[in-house]
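Both complexes below contain chain A, partnered by chain B and then by chain C.
And now, the complex of A and B:
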């Protein structure tokens, strides 16, 4: 089994270490789910409380590490393109095996899912009677399954990449695919994205928390589609270049990392505000404001590229 | 009221200075925990202050189960209810006396002006006003002791816990400290003093003495 580049080995070893932590947590959580009784003053309950604190630390740091590891994963996919014939960016390496896309989607899902766990953990630590302890431990088996699935896909994907087999470049991939979102068209995708942002702003201003969450969820998709079909073409200054990965390259000032970080923070805080409301029944204006600020910064960045292109060239692409 | 119910504390390594210990202390009462070094007095005080958690059993203060408080809540509880006088003072050596006394109130959101005024009031009541701006490392043992007492009183606690408060003091300073304890008691504060100093025990005749031994 060869992983071709050192970054993939680092990711693999890191994930193995994190899996060990999560496995230990799974084992401890099973005992906590069965025996938790906060009212009890028996030594077993005190022991469980100490172990629960240990699990919180293990999971918190494991999940917090997943974020920089995800950035390393994207960087590794991009670097892998250098050794795969035909690949121009991470799009080629992601599509090198049937598992690549699944792995990417799984990683994105896991980051959001693990973040939800962190939010519940934070809520739990803020209550005097640790009232969400059982709930957060009941989620640990799902954390384990999701993490194990991700690691399996990781091995299947990276071990299955054959450097002798040519892969498609991003232009070939995104122009040949007859997916629904490509048929939307660049300008339409941007209009939908802008309407989405206006709705998001209105729901934020009028404090419609559930509607904000729904629009925030949709915002994640409309923004990525608009980034690929519209904004990205202005970053590349090429209307036929449809790729979500080339943005991450040095030739474009690594601006993709800024786009995706802002989008992640905006949508993550949106999800956090909703989970906080759902679990504790209290709405968190502060978290929702963070979400709106980051979503707005993403929107401004998305508008900046087409607008600056228009102002300097007096034409749209 | 402080209620300890069947409290056991076992440290890593299996040492249990306290085992199945129960105690009730009424509001405003002065209690002296007497016993040899290592008998578990400091452990009892640490448990009452929610600095450590028991291995089993309940500790309730004014109806609140403090043994089970998560750390953030325990810190808040200590800040609002408890004043602790440590045997070795635990003053911050690079700060002045008044700055040391101000420390517990820094997270409360009060203005620095108000906090300093409170600290100066307490220092004056302990005849330490002239030493307010002296670095604590330059104070004598007795002055450091009074600074530690002032720090314990700054948050106006209902309960004062003192761990071997006379261990580093001479006779004269012990007498002065005893007067301070009497005054605190007259103000209606609950005092729990861990000591093996018989002079202190004799000087506080109204105090209830609880003798504790190894593995109580």
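And now, the complex of A and C:
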């Protein structure tokens, strides 16, 4: 039923196109993994190099399409909340079926994974002997499996949504009982988040790349928990409103999109710097700096809301 | 990010080979035009429906036994008024009257002019000189379009209703009302409550349903639960439920359209892919020269993408530009019927202007992925053609 909602339909149609493309990539990669030999001047090697170029175009295209589609996905979930009884924002519709949450995580993971693949692809293109070609094609089967999993979850989720069954709204979902991480309280979560940021800055200044990567990884989680428990409440100006999705609505000037874009860029460049070092052995100051800039912007935005609230109301929530 | 020199080259390449692109951009424009029209019509209808929703009661209580709707006792309203949070509850008398001659239904609404919380349109009709008509037992107020239709058939402003027991009641048109929304009101007749009950065959102490008004929307659900506990033989419809139903209905209709539309998209995909695969000798030579000059495969791919993107943007803008006047100036002839159904007393409504950015983005996303996908593989094929072979 919910497949006929235009947004969901478009998501499905585009995912089918991507599935076809990723299947083509899988097919080509299988050939490359088996027969790749850069030293050979045989006709077959020449053909494989051409096909390898097609794979990188297809994956690039997939990522370029997946990012707007992810925003459309969030928008569609938000719109579904109007139809589902009890839901007031995407939190309700994401939890309407047991697959919704998994689907969301899988979508986020896939965007990171595709981006990492493209980082390796870029490194590969820069080398004269296409050193990492085999490596990047070894990853294609995983790309395929992850994407197929996402598509399966997508179908299970949207086929399973029943508009007659009431769902919970965000305030009922994000309580301290629902998860260990949410039981730590707003202040504490923000303190942990700030310590995390300070560590991140120190490792950046002293160029500890591996440690930077680890803190960057943890930063992704602490920042979201602090956003739900602390910063979010100042955006809503309501201490009981704990929700990562309502931020995306027009009532709060769609500020959520800014939060999540900054967080994605910051953490992605962090991961990408680490992958670059892992694969090529050389560290890229440029990417590292990008990561730090976006992570800092996110931190500033997270501090700005509570601070401006305090300055205008002379009290904390 | 965007290489302007390559973009310039791509635009030059399009103007050099106009024939190849005119056909594709025409089809693409048509497809975008169609899909945009459907989305804009749905948007306009949704806006039209929200006019109706605004003046609706927060809760409607109907009686239902054995799965059949029954007339509800009027004094139930007094019991509902005792629930804290309910500001007003009133029994309403309305129903449809089968008009065989036109094979249509007329909606008869009994209006109690002294009741509060009248729907906006009815209140305007009452205040605009309809008061006296509604106080008379044989006066009625008809919708503007319906008044015209009746005058055409009978040549005077009178209409005889047949009662369920076979007798007739003659009513005179005392006034005409022009509601904000044509969709709901071009088959509506307003009249005195007692006369309406007589025509519709409703007992003196019964009503069609009871409208309940709740000033605080947060309390609506709780009050609905209380009513359900108080009167288990009722069906309770809240405004929220109706809103969700409308949303579902419009999504469903545009979804069905999209389903059929996807066949169209698929055909387009094949045509476009086929068109782009056929590279002429000239073009092949051009690519070979570029490669000889030191262009990489990815540069050539970029040029091909810019070409495709330029066509897509042009077709998208043109499609939207054509769809807007088609829907909002000419009120979507032909296509509108898909959404409104067919009846002799078909509402002559106009589509209110409602341009939504999110709909426009969705239109773009419904066509762009398919189109760009059809370009990729042909573009790659032309980019990797062997330079030496082509020049020879």
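Assume the second predicted complex is superposed on the first by the 311 of 317 C-alpha atoms of A that agree within 3 Å, B and C clash if a C-alpha of one lies under 4 Å from a C-alpha of the other, contacts with A are read in each partner's own complex, and residues count from 1 in each chain.
In this section, contacts are C-beta pairs under 8 Å (C-beta built on N, C-alpha and C of every residue); 3 or more make two chains touch, one makes a residue touch a chain.
Remember, it's a predicted structure, so these values are computed and weren't measured experimentally.
One of chain B and chain C touches more residues of chain A, and that partner is C.
Looking at the shared chain after the overlay, A:165 reaches neither chain B nor chain C.
Contact with chain B, but none with chain C, is seen for A:43 once the two complexes are overlaid on the shared chain.
Once chain A of one complex is fitted onto chain A of the other, the partner contacts of A:61 are limited to chain C, with no touch recorded for chain B.
In the superposition on chain A, A:6 makes contact with chain C only, while chain B stays out of contact range.
Once the two complexes are laid over each other on the shared chain, residue contacts for A:14 go to chain C alone; chain B is not touched. When the shared chain is aligned, no partner comes close enough to touch A:300: not chain B, not chain C. Residue contacts after overlaying the shared chain place A:130 against chain B, while chain C stays out of touching range. Using the contact criterion defined above for the overlaid structures, shared-chain residue A:198 touches neither chain B nor chain C, since it reaches no partner.
In the superposition on chain A, the residues of chain A contacted by chain B and by chain C do not overlap at all. In the complex of the two chains, the chain C residues touching chain A come out as 39, 240-241, 243-244, 247-248, 251-252, 254-256, 258-259, 262, 265, 297-298, 301, 358, 361-362, 365-366, 369-370, 372-373, 376-377, 380, 383-384.
On the side of chain A, the complex with chain C involves touching residues 3-7, 9-10, 13-14, 17, 21, 50, 53-54, 57-58, 61, 65, 68-69, 72, 75, 82-85, 163.
Residues of chain A that touch chain B in their complex: 38, 41-43, 46, 49, 125-130.
Listed in rising order, the residues of chain B touching chain A in the complex are 5-6, 8, 53-58, 67-70, 72-73.
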